[in-house]
């Protein structure tokens, strides 16, 4: 018990939670935007990989870190555009296209990476984002180092949660996006083309996925290598349901997931005899439990996964 | 008079279907034009072109003399055209205010001005007597309220020309009346209206001018004062239509009996101790305001769910297994309330839709294998006998118009020769010609000795077809009155829950049900 | 511009579309090959040579197509009934684990191959079924969306496999590596060509495709499953028992994915590891779609995907370009094929 | 002589440390003209036997790779291609005339690193981050732990496994977790561990390759492993036509130059270094044997 208390009260643990959560927050916001406008985006796993690769490659070739982030976002948006073109005007099946994008974007990233960095004997590195100690605030006991001693993209992610929550709930554009996810006929009837609205929103959401990937190579670590996204994208897809499509809850979900991850890593060092696989399973199983609990309450965007073609019966 | 709207020479094709051909239509300021036509005549298409939802293949739309760019709803809205769609264009999980405000502000502004929006909405809703709660979630609203939201949406966009596509199809008589009162108030305010309806009495009472479409073309235009229901019906269908007359009934034995049926509705209205009897060769009409339990009652009798308490007897035997195959096997034919959502599966073929509910019968399958040839033959026969136009056994049923879909459903039900027919809203959304056809089939079934349970919101229909009429209110059934004693006022009272007059009539016209049962037993 | 569905897709287009898709995919991957400094034209030749040019290539291509046919069928069956089973990958692994666990039962060793092989396959199929019945149960009971739960269960399944092959099912003779004990020799599927990996699983997979086609197009179950998927409310009104129909669909779908895993173990690998599947489950979903959910079409789509992969993989070695080009080519051709099939069914109008 | 055609098949991307050691050795041999090297990376278990066959059919004289996860199939492939020599990382035995094996035995160097770490820890806690508890990883971590015990019998040793062979960010998180639990020196069996140490300003030990240039302030010692002696031996055998079906592992031993410690001068206390050098000399001379323990470390 004492050990558990030690883990739970250590600054390092909570700092790790926020750090592990960052790509999940960004990715979840990305999926959330896409789903809010009515399109499932299972391309996230591949788009994150591409963002991770492209952002890293830019920085490796001399760009500064923020340029790397922007390049990653643009790369994400480009794949978002591809997903959008296939699923919105063409109305192709969203799961299948998403999986196709994931297969394509990840293998494409590995290929391009290998062309750009042909024979590396250990992963070449860049100088990543350093934790930014925010003066004064980071001196607050416990909370200070946990929250105010993170890298800049983590702050960006937190700001984005607020911005997207505001954007969706308080701006005309957000209203239109939500309506397109509920009933595209309705936005169309109000004179807004749901096709363009969907395409734009998916691109924005995918840009966030690109950022989520870039966080892995530009802040969480300092190099790119194949398979590094390791299913984080799929977790984001689950977190959106967990969050009932609300940005603030997405933050909560990402933190919870990160908590389990950070906790199991620390528990492993002190508790013996429990297979590590059980710890690794925990977050997934808990997500499923959370889905069961949330299912009754969740307000699914009603047009999710329903393609909209004007004038089709 | 100033001309506010001009559609000239509109032609629109979908594949090889010509939905509109060389249609011209105009509208004066302050005028109400009714657009009339059979199912599939092209009314919605025409209005969709006007609203910029579809692009016409040929022709032009002018508002106040200025041509509208084709295919741009936004331009139509800016020009002051508002449309209330046949199928509501509302987002169920958003509030009324959100639904109304979407698209009305610059998309790039950083803040939506809700208080101004709310003020405008409240003002409009007060001015035109369209009461709705701005903060209610649309999914919690009734159809009538949704209708109001749709109209408010158009008004919020400062519409000067309002198009209403079958606004009353799902409204009750009272709601429809108050809607027309509102519409008249709008014309007084300088708005101009086009509405589509299949209900001729509405057309006669509410419009200034009538335009009749048939097979995509304008076949007639009349000032309302100079025409009659009969003439309009004939113009629409191209031949004389008359609703068939009900011959006197010769009721036989009790086929279907409900005893104290109780069912708590999950997500719908409940039934509380409902008892009724249906005899061979008679039609029992059940009227009521929607949301009072009609759907639940129809579903219960159709075998969709079992009662919580009470007994259903078919041919004197209590039903023990309440499911669809048993209901059908026991001789119940079912006409569903919503043919698109419940009656057919749009992406399946006509033959699959025809045989699905009886796929278990040896006629259509043996040892788990579908007898496809038999199923196709049966379908072809129905298409032929029931004149289902545009259908082929292997075509997707989605492509059929409402009336033809209903004919197919009637065919698949009646060909099985049911003893009991449960018909829920059998002519909802259908045109005069189609309605006459449906009524004829229902009377035919009754004539050959079937018992018909007719559940409908259309009073004319109920009076025209039923032998006895009961109202359903809050899940309870009123006393039964004979159809020849029925009139709009009495039925209105019954639907409102005032049953004293009905009880008197029941007592005076026939023995109460329980006494009658005793005499029967004695015989 | 908009798209309008053709009521009767033209036959010419239906044939031409896939050809166009392959050409488009090859053009783009040719660009990428050129980027690596190799000659694309030569690469195309090498792709064909890799998949068809030798006994080895041909047998490897067919070996790879085998599990893809089964996972493709698994997805096609489920998607027809609108059961969004994204969990083929996990079901594949559990099927593989199931067959191995069955082989560990002492009595099995004594049985003849003629008994062990069918029973083993059944064990794998049942394991796959169970994994899909869980999310289906959650959907029917609590209304939990199965897209996400089946997806998540993939990870749980792989971790579970890892747990088992690290624990009770670990092969004591595997030098401590996390791998399961091998299936008994009597459960090993006979080879179709010797000195290759091609085994009779291919024939079993093809037979399953025919069985599924028959079930879907000729039986009451097939028509009901489709009805339940397309419009549950109308299907219920027509008396289709929604719950049992979906359960049957889930058993079929999960069973096929499980069977894929079982056959891969019995025919190719002999034991289970956590890298048994190079995304067979996920690829199955795209393959099902390419086949327009038609079971016979799944065979063609799986062969296509296997040709692309084995051919491009071998080409990458011949040209010394990054071997990831194989996955790129496959993924690209899947995407272009989806678009082409769409365009064959729709016409573009102003 | 024409260079020998050698193909490398890497189950992981070549950035993975273990593979990178093989890759680097073969690249170097390619550069100096002794072999002609082609390779495939990220080859999954399913594809591995096919790639072996393809390279064999393409006329390669020697195929180098890892058969850990595909032991049975690899041997059956070798059986089918008797004219091709195979040199496979394996925990098993050699087979036939042409299936040679080798192990990664740098546990001696790990022991020496452990000796330094034991002397240097201030908190009395050190940590190791490993991939999966397989014998060769276990042996390494146990070697390190034994070294620590040799100089600091009371020291606590934390062990984490990340469950995969290549996930640097995860190894980093695991390292951070150990630091939070009090470790002040980390043994990074996996790449990524040293990043955690660097971030928190503590020291780390590298494994297999020299991590010091990558983390100059952080990694003060490395348990180096060299593949070149093994490769050269196998190439020589293959070229000469002598059977390669033998165990090349002994060439990994310290006394044969297969593994050794490298350390930053002045990082560890002089007497600790001296003590370590003493043991090192004893190993070289064959006077001291570092215990070899394949069991999962606790």
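All chains are identified by letter, namely A, B, C and D, in their written order; residue positions are counted from 1 within each chain.
We adopt the following convention: a contact is a pair of C-beta atoms (placed from the backbone, for glycine too) under 8 Å apart; a residue touches a chain by one contact, two chains touch by 3 or more.
Labels paired with UniProt names: A, C = Nucleoside ABC transporter membrane protein; B = Nucleoside ABC transporter ATP-binding protein.
All of these numbers come straight from a predicted model, not from anything done at the bench.
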Per Cα centroids, the chain farthest from chain C: B
Contact pairs, highest-scoring chain pair: A-C
Chain B-chain D separation of Cα centroids, rounded to whole Å: 77
Cα-centroid distance, chain A relative to chain B, in whole angstrom: 46
CA centroid of chain A to CA centroid of chain D, Å: 35
Contacts with two or more other chains, residues of chain B listed in rising order: 14, 346, 399
Per-residue overlap in chain C, given as positions that touch at least 2 other chains: 4, 162, 324
Residues of chain D whose C-beta touches two or more other chains: 42, 163
Every chain pair in contact, whichever chains are involved: A-B, A-C, A-D, B-C, C-D
Chain B-touching residues of chain A, taken from the complex the two chains share: 170-176, 178-179, 182-183, 185-192, 299, 301-302, 310-311, 313
Chain A-touching residues of chain B, taken from the complex the two chains share: 14, 48, 51, 53-54, 72-78, 83, 85, 87, 89-94, 98-99, 101-112, 153, 157, 346, 398-399
In the complex with chain C, residue positions of chain A that touch it: 40, 42, 86, 89-93, 95-97, 99-104, 106-108, 110-111, 114-115, 226, 231, 234, 237-238, 241, 275, 277-278, 280-281, 284-285, 287-288, 291-292, 295-296, 300, 309-312
Chain A contact footprint on chain D (complex, rising order): 13-15, 17, 20, 23-24, 27, 42, 127, 158-161, 163-164, 166-170, 172-174, 176-181, 191-192, 195, 209, 214, 298
Touching residues on chain C, where the partner in the complex is chain B: 4, 6-7, 218-224, 226-227, 230-231, 233-241, 350
